[in-house]
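Each chain gets a letter, A, B, C and D, in the order it is written, and its residues are counted from 1.
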């Protein structure tokens, strides 16, 4: 690998946060997130006349800095994207075009272009606010929380759709009842079902503005039922999203990225299609210094890849230290099921884990893999 | 089976969504749901004078189309219902009468008849709105979410009733306290317990319209306690409904229908009473292409029926493919408990599962079943 | 047992709901609950002048009926309480005095006495409403839901107290902040911390009446933080009460009463002190007709007492039916751990279960029990 | 240990609540908590002119008493802190300086100093209120609930930050939409994004004051979506905090303090650094009188230290009683895995538990420990 390639690789790894613990990566990441936050806050404050008139030059400076930084970031990403394992095996032009068409690249461009347009054709405040807030979506690319939330919502989309249908049904039914009961007395507030639906949604979500309120006895009884129904309807998405989100967020202390997998020596020369086969079957795991990864006598059938940090394997025959890039585990079935090895992290360590079932299906899917995994000794010790 | 019967069978399977993956079924289903939604939206908007005057002809067209579609649907269902395994063994007239008396058929008719009546005797807007929204309940028949919610509520009805009693008790107690404290000062708002109960329900559900608010210090202290009690009372149904609904919705990725069971070859010639015995003991399960259904060495005592899709069974002796209509599993107890077979779906597959305990009780209940199940070889291999 | 004693025993069993499935017990229970509900509704409506003037005679009739029924109930309970296993071994006068001093008896009397007083000294409407609503607490005695809620609250009282302290802390801190920020501008609404606390409790519980609202920018920022804090504080009791209540309500499909235990033949001649030792160690369990109680090959070390209904035990050697009053189970340890018996309910059945750990400690606590339990054969089959 | 040291040790144990069951400790604790509560309530009421003028002398008396008690408490803590195992091995001056710099000591001083200042320079009411409420934070030191809540929040800080980002994003997006839609019509309420954000936060948290309400149809549709989004966003922190808090609060019936560990004879002569190694690996456990601690035949590989109360170990060979200060357990692996001992508490007992994995890592970390633990016989019975 020659010098420019090494630099390009480094730039790629920093911008894609391949190793979030790397100090440069961490500082670049913090800097970009800070600039996005500053931009969003500025876009919000700019819609207030007092702020706009009080600090006209500060706002312009933010825009110039943002143009330089976000523009430079876009160009660096375009240059370095050819290092991505996902685009491995394509020629640079193809790789760059393919990247520029990806949703993330379009968000990056969308956050950038309006700038130029804004300076060429100064438009009105209201439109500018919208255009500036596009940069908010740039933040989503850096937020594992948002990604986890979307994953949780996706996993339970059928249940959530059912909730939404039930809630809409409740709103329509209660709105119709109030239209019949309160409509004649308060025609400006309950005179049509769409008007009554405004009351129903405000009530069923327990927001309760109080701008529309039933006055008759019958209307108040129906309203009481609406409120109690609201609490029950509210219970459904709460339970579903909460339990799903907790599961997702606990599982993903960190995300499995293309870069991590590509850096595992055993997978280094595999092409993009094979990597795409492997990635969804790997689970990420993190361990603090001193934490036990595999307790004595409870060794599962699995292969562990050390991505960063270091671990020790303690057996009756001695202790062995494994650094990043190593692999250990048990690939044969029912052999030595109670081997007395204890695996412990000695630094903050990240691992990728390939479990029993995924091991079987992966060995079936990737032809040469069985041979490679045979090289992983039983817990790497004699 | 002659041609009209084959057509009638096909119409029945489409309308009852026996195979939700069938393209015609999917499109018919989407069409009817879309038309119901259009109808409900139209019924809502019609109560607003501006909409009614702006699009008079559009609303009439929707009604004519709905009359034709829902009318045709009703007639087709009436014609094809004799194919239902639930009505197997009755003569066509009996079967049709039995179907026409079922709740689902009455909802279908209720969604249809008002139409005709409406055109014969044009009544006032307010009554029409109610009549038109009856069609909303037609949607319930197509919504597995609503069915799951009802099942969840049914499963926890005792707990929910207890919640409701506790909530009513809280409302009465706090309303009485406020009637004593604020009644003399604000007789129009807290002058009787029913009036104070309006305040209490608005407060305890945390809706808080603000139309009725305590003014004295003592009243505000009681109101604060009411709000805090409200949060605790709110916690009860949330916890109960949420946990129960999650369980139901996870279990029922799809529902076990009469048609599915009737199409399993082993059950094909059983009468309706025996099918009614079998259905509640079957569990539905879905697997994506590539997903492991039975992991190696963890074979349960159960019988699996492949309803759609296809699976492979991998053993040391080779691999075997099973298509829809096949059955596999282990019916004998404690034999080969760790047989090394791996069962994997190779397409999107739906299965019915008969578990250990249900197997025993079903064999006891259905005389000839034991013999039939003996034909299911141990994982169909060797 | 002579005739009056048999009648007294029957009256006692009905009033204490010893067998909730007994038809007479069920009707007496429903009748008393209905009368309490009628009384509470009447007490509520009576505070409204229109109702009071519209139906003066109906209200009086309810009162006369209630006096007769609740009075009769009190006297019957006083007469029959000597049959209670809890008071076994005392002379009738002691037993009746002891019962009359119990909280439940005082609630019964409190629901009764005000009546007489009310008729002797007609007081004002407001005081009467309070006195009449005392009968609401009578309902608590008949509501297993309320008992479960209280048990759930009791089990988590430390956690709930912590929540309450945190919530009070939040209210004080946010109220102080608003008193500093909004106090000078809105002295009538935020002019002292107690006034600001009214705003804080309305906001933190997300009730949001809107009668007190911050107007300054700084005030609105603090208010926004209060609302977000409110959602987090709200999460705590919701999670705690909900999970605890679900556990309690699932465990207690029905309650273990003194009567149930006293009717188990093995415990029939034990004194009250020994019964008090046994009751908390028994778990209640209900099974529908056909439900498997002990699956084949998964026999726990436990003793089961059939309280009502009937069960069958199926083994390789045949099937045996056990009716109410029987006991079965496994008291020796590690014997025949995989005995192939299947226990199934053949009617709606209630059982009491004595688990492994409780068995040990109970045998240690009650001297003669080990010998009695030895009479329980291994699943009652040879 | 000479007399002053014994007294100093006693004072230290009382103030640090080393043994919460000790009657003197309990009374001192209740007294200080009560005085803090009285102070906070007084500080709150003092901001109301009527209270201040009605009871001028009472408020002054509270201040004098508080000065004496809190001042005395500070001096006693400063004097006795040298007894803390955490500061073991330092000379008294060093120990006292080290303690005086700890956050807890600074809170104690902060609660004290303002007093003196207040009497020297009588300032305005508003500032005094703030200064007085500083004492509220003193309460935090005595509240295990607050500590648990902070621990729960810390454990899920990544998930909560993600929630907060998502919530802020939702507020900004919906506020921008409303600024565009309602801004022109209601410039004083939606005329800038900061103004619209006030509406958005009030709506998304379901507080719903009703001071700012959309009037147009489009605005109301967006508001409806905001409310429904609010319920979903609300679900996230509820689920996360609740599940985490329940876990923390169930685990910590009581906290492992330095004093407890120092009083275990086996650890008595270890230095502060070694104790700091041991404490995080110990788990606290409480048992009521009669509760089974280790069920028969399910003996884990762990060491138990009896801190207070007493237990009995029942084996086939007899029963043995262990009092506070004793240790029992199983340190060797796979020996007698089903030894039939039953361990039961005979009083209210507190134990510290060292589990299998922690045992291994602790023996590795603390050189002499293996030898000490060898002295713990297998369940202390021959």
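Throughout what follows, a residue touches a chain if its C-beta (ideal position, glycine included) is under 8 Å from a C-beta of that chain, and two chains touch if they have at least 3 such contacts.
Only a predicted model underlies this, so the values are computations on that prediction, with no experimental measurement involved.
J.: Mind checking the rotation angle between the two copies, chain B and chain C? C-alpha superposition, nearest 5 degrees is fine.
T.: When the C-alpha atoms are superposed, chain B turns by 90 degrees onto chain C.
J.: Regarding the chain C and chain D pair, does the interface count as same (over half of residue numbers shared) or different (under half shared)?
T.: Mostly different residues form this interface, as fewer than half of the numbers used are common to both chains.
J.: Could you give the separation in Å between the centres of chain A and chain B, each centre being the mean of its C-alpha atoms?
T.: 32
J.: When the centre of a chain is set as the mean of its C-alpha atoms, what distance in Å lies between chain A and chain C?
T.: 46
J.: Which positions in chain B are in touch with at least two other chains?
T.: 194, 197, 206-210, 234, 238-240, 242-243, in rising order.
J.: How about chain C: which of its residues touch chain D in the complex?
T.: Touch residues, chain C against chain D: 158-159, 161-163, 165-166, 169, 172-173, 175-176, 179-180, 183, 192-195, 197, 203, 206-210, 213, 217, 220, 224, 227-228, 230-232, 234-236, 238-240, 242-243, 333-334, 356-357, 360-361, 364.
J.: Touching residues of chain A toward chain D in the complex: what are they?
T.: Residues 40, 43-45, 47-49, 126, 129-130, 133, 136, 139, 143-146, 148-149, 164, 167, 194, 197-198, 201-202, 205-211, 234, 237-243, 245-246, 249, 253, 290, 292, 295-297, 340, 342, 344 of chain A touch chain D in their complex.
J.: Inside the complex, what are the residues of chain B that reach chain D?
T.: Touching chain D from chain B are residues 206-210.
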